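Comments concern the structure below.
Chains: A, B and C, in written order; residue numbering restarts at 1 for each.
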Amino acid sequence: MSALATLETGLLLGLYALLAGIWGVLWALAQVRQAPIFGRSAAAAYGLHILAALTIILWTPLGFGWKCLIVGSSLVFFVMPWMTWRFLQHTHQNGGSEHDRKPSQHSGRVVARL
Amino acid sequence: MYFDDPVFWRAGAISTIAVMSIVLIMLTIDSLSAISPGGSHVPPYTVINQHIDYKFDSNRGFDVPVISGAEPLIDRGKMVIQSRACIDCHTFFGNGAYYAPDLTKAWLDPDWEAWQAVTGADTREGAMVKFLMDPEQYRTWTRTMPNLGVSEEEAQALVAYLKWMSAVDTNGFPPNFNQIEQRR
Amino acid sequence: MYRSQTLALKYFSAAMTLFGIMTVSGLIAAYYYLNPDFLFGILPFNIAKILHINTLVIWLLMGFMGSIYWFLPEELGRETAGIRAAEVLFYVFCAAVAVVAVVFIFVQYGGSDEAALWLINQGRKYVEAPRWAALGIVVIMVVFAYNVMGTAIAARKTTGIITVLMIDLIPLILLYLIAFPAISNMSADLFWWWWLVHLWVEATWEVLIGCIMALALMQLLGTSRRIVETWLYIEVALVLGTGILGLGHHYFWIGTPNYWLTIGGFFSALEPLPLLGMVVHAVYDAGAQHMKTTNRPALYWMMAEAFGNFIGAGVWGFMITLPQVNLYAHGTQWTVSHGHFAFWGAYGCGVISVLYLVLQKTRNLAFVDGPRWKWSFAALNLGLVGMTGALLVAGFVQAFVERAIGGSTLNAFISGQENAWFVDGMVARFLLAIVFTAGYVVLVWDVLTVGRRAPAVAAVAPAQ
């Protein structure tokens, strides 16, 4: 296991995670802005993220288990923005009025137990 | 009578020899364990680094060896490290500050051979003690270690601590230690 | 204004002052790398570093306390319980910090005995403060916990956010007790020390800032309580779910068994996943409002928190968390790069965001904007990210020269430190630290003056 290759693996892992973040942000912006450029950029970012993942899997000296973790993480990174967005929309629809900021009143029993 | 029968005495001889031999073998196994270094009667060879004394034991009715000494040195060494905040310039097992070298394997560092000559010390321990007592006198490079008022006793405890630390199994940290030097 | 909120302002003032001391001591420590004789014999590197990292911890803690003292009475509808004790203890806290700092600077160290640990310097990273001061911090935190819990009891109610906060304060305070013992065995010392440091900054502090951000979001964006509570529980579950065993990523090389390499590496590799969710959430919140808000600096600093947390803690941490890479990167400037970015993104930005929210209320401003906060936002973030980048270069080079090819000896360390790329990295870091410092100065200027200079600005509605 070449030491330089190991260090370069570190940088690759950072790039991998960063591209996942860029994908998530651009995907979310595509939902907000409704302009095609964001959707296309998001797809490009995820494409680069997959490229980074493939480089890690095919070229770095990491063991089999860690490479499986990379594959699994890429799948989770792919669905995470969509899952988060859907759940955000769901909670905001069912979340009550925007100005419902007063403390809830149901906690008397909780406090009595304190 | 069976006393007159030579077969009786022959059987007696065989069984006596057998029993005594088995007892001897069992006692030998037990004794070998006791007399191996680290056993109940023979100390491990590392005792040469410890304080050895000879004191009366009232339970046994005679003098017995008393071995001690490593722990107080280690305790003192750690107190020196904490009181001088060494960890805020150096790292220990890679934890600390990054201005000065990692000390995990400092005891085993090949540089100390050269330092024996520079400090005029007979041993590696001596060189390390001299350095720690006045690092400003023995500048290693452009980043000087300050004089932290370390006494000789404290320096000896510190060196003992570094020696103990170098023997900890750190799963291979720091990597390649001294192997590249040895290959040269 | 509640007395608790007046106290909050005092805590924020103290926090901002300590932020300044952290910055100055950081500059000194950074300059030492460029000129090792600088202040040699007067203020050694380790003392400058101790001031830097201890003020880091205290300014953030004071920022958290200020935030809670601000939100608590409105959240529970009454004055904070035990407020008088808290008011007195604030001054005790400040005095103690001052005494500890003066002793660090002018006495520096004592002999290898208990007296030195009790009075001068305990010499364990982040918790160097002498035992008498550590005892004082325990008292202050216990009273703080009483302030929170006592208010809930007196008000005969609690909220989801306050309940999470109350539960979180218990392990937070108990973990601090690890600051007291002097353990001879370095492996055992570091084992427990990491319980304190990691389970503070990657567990209990994450929950604490989560509670504060939840309270702030309700005010900043008018988000409903049910939504912030739901997301708080999700965040707590994910962060603690990955962070508790993620503690193992500190147990690779300290003499612990090697099953930690797999456990620690695996769980901490999962840590960026929830942080991506947080970033998406931030875009949702910003987008839903079309970045329209009556408090632009508060919103921007909160966005910086979400992004800084993901990149500084998530991405930068991910680079060095796998044991194969960590073997070379451990204890190098690569670690420093990650540490600076993570602390800033996860905590610094959040506290500044709340500060602006508080200012809007105390100065009765309909709208908070202006050029100054933008300059400080740019300078602080560019300075910090720039420092991080410079340290990444220096750290990568150090890992390669010192560890990979140098043989990790004393001489190898020197070779790494004298490498041209390393030196350039440290020079660049220092220059960017000056940019960061300029940002701090403008931040203080803005905080002191926003809404006070031009009353017309305060009354003007947002242009968008």
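In the analysis below, a contact is a pair of C-beta atoms (placed from the backbone, for glycine too) under 8 Å apart; a residue touches a chain by one contact, two chains touch by 3 or more.
Because the structure is a prediction, the values reported are computed rather than measured.
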Between chain A and chain B, which partner chains are common?
C
Taking each chain's centre as the average of its Cα atoms, which chain lies closest to the overall Cα centroid?
C
Max Cα-centre separation from chain B goes to chain A
Any idea how many Å lie between the Cα centroids of chain A and chain B?
51
Averaging over Cα atoms per chain, report the distance between chain A and chain C in Å.
23
Rounded to the nearest Å, the gap between Cα centres of chain B and chain C is 42
What are the residues of chain A that contact at least two other chains?
3
Can you list every residue of chain C that touches 2 or more other chains, as numbers and ranges?
327-328, 403-405
Would you mind listing the residues of chain B that make contact with two or more other chains?
175-176
Going by the contact rule set out above, which residues of chain B touch chain C in the complex?
71, 74-89, 91-102, 105-106, 109-111, 140-144, 146, 148-149, 154, 157, 165, 168-181
Write out the stretch or stretches of chain C touching chain A in their complex.
75-77, 149, 152-153, 155-160, 163, 218-219, 222-227, 230-231, 262, 265-266, 269-270, 272-273, 276-277, 279-281, 283-284, 286-288, 310-311, 314-316, 318-320, 322, 324-325, 327-329, 334, 396, 399-400, 403-405
Within their complex, chain A touches chain C through residues 1, 3-4, 6-7, 9-11, 13-14, 16-18, 20-21, 24-25, 27-29, 31-33, 61-63, 65-66, 69, 73, 76-77, 80-81, 83-85, 88, 91-92, 94-105, 107-108, 110-112, 114
Contacts from chain C onto chain B in the complex sit at residues 29, 32-33, 36-37, 40-41, 44-47, 49-50, 109-113, 116-117, 120-125, 128, 182-187, 189-190, 252-256, 258, 261, 327-328, 330-333, 335-336, 403-414, 417-418
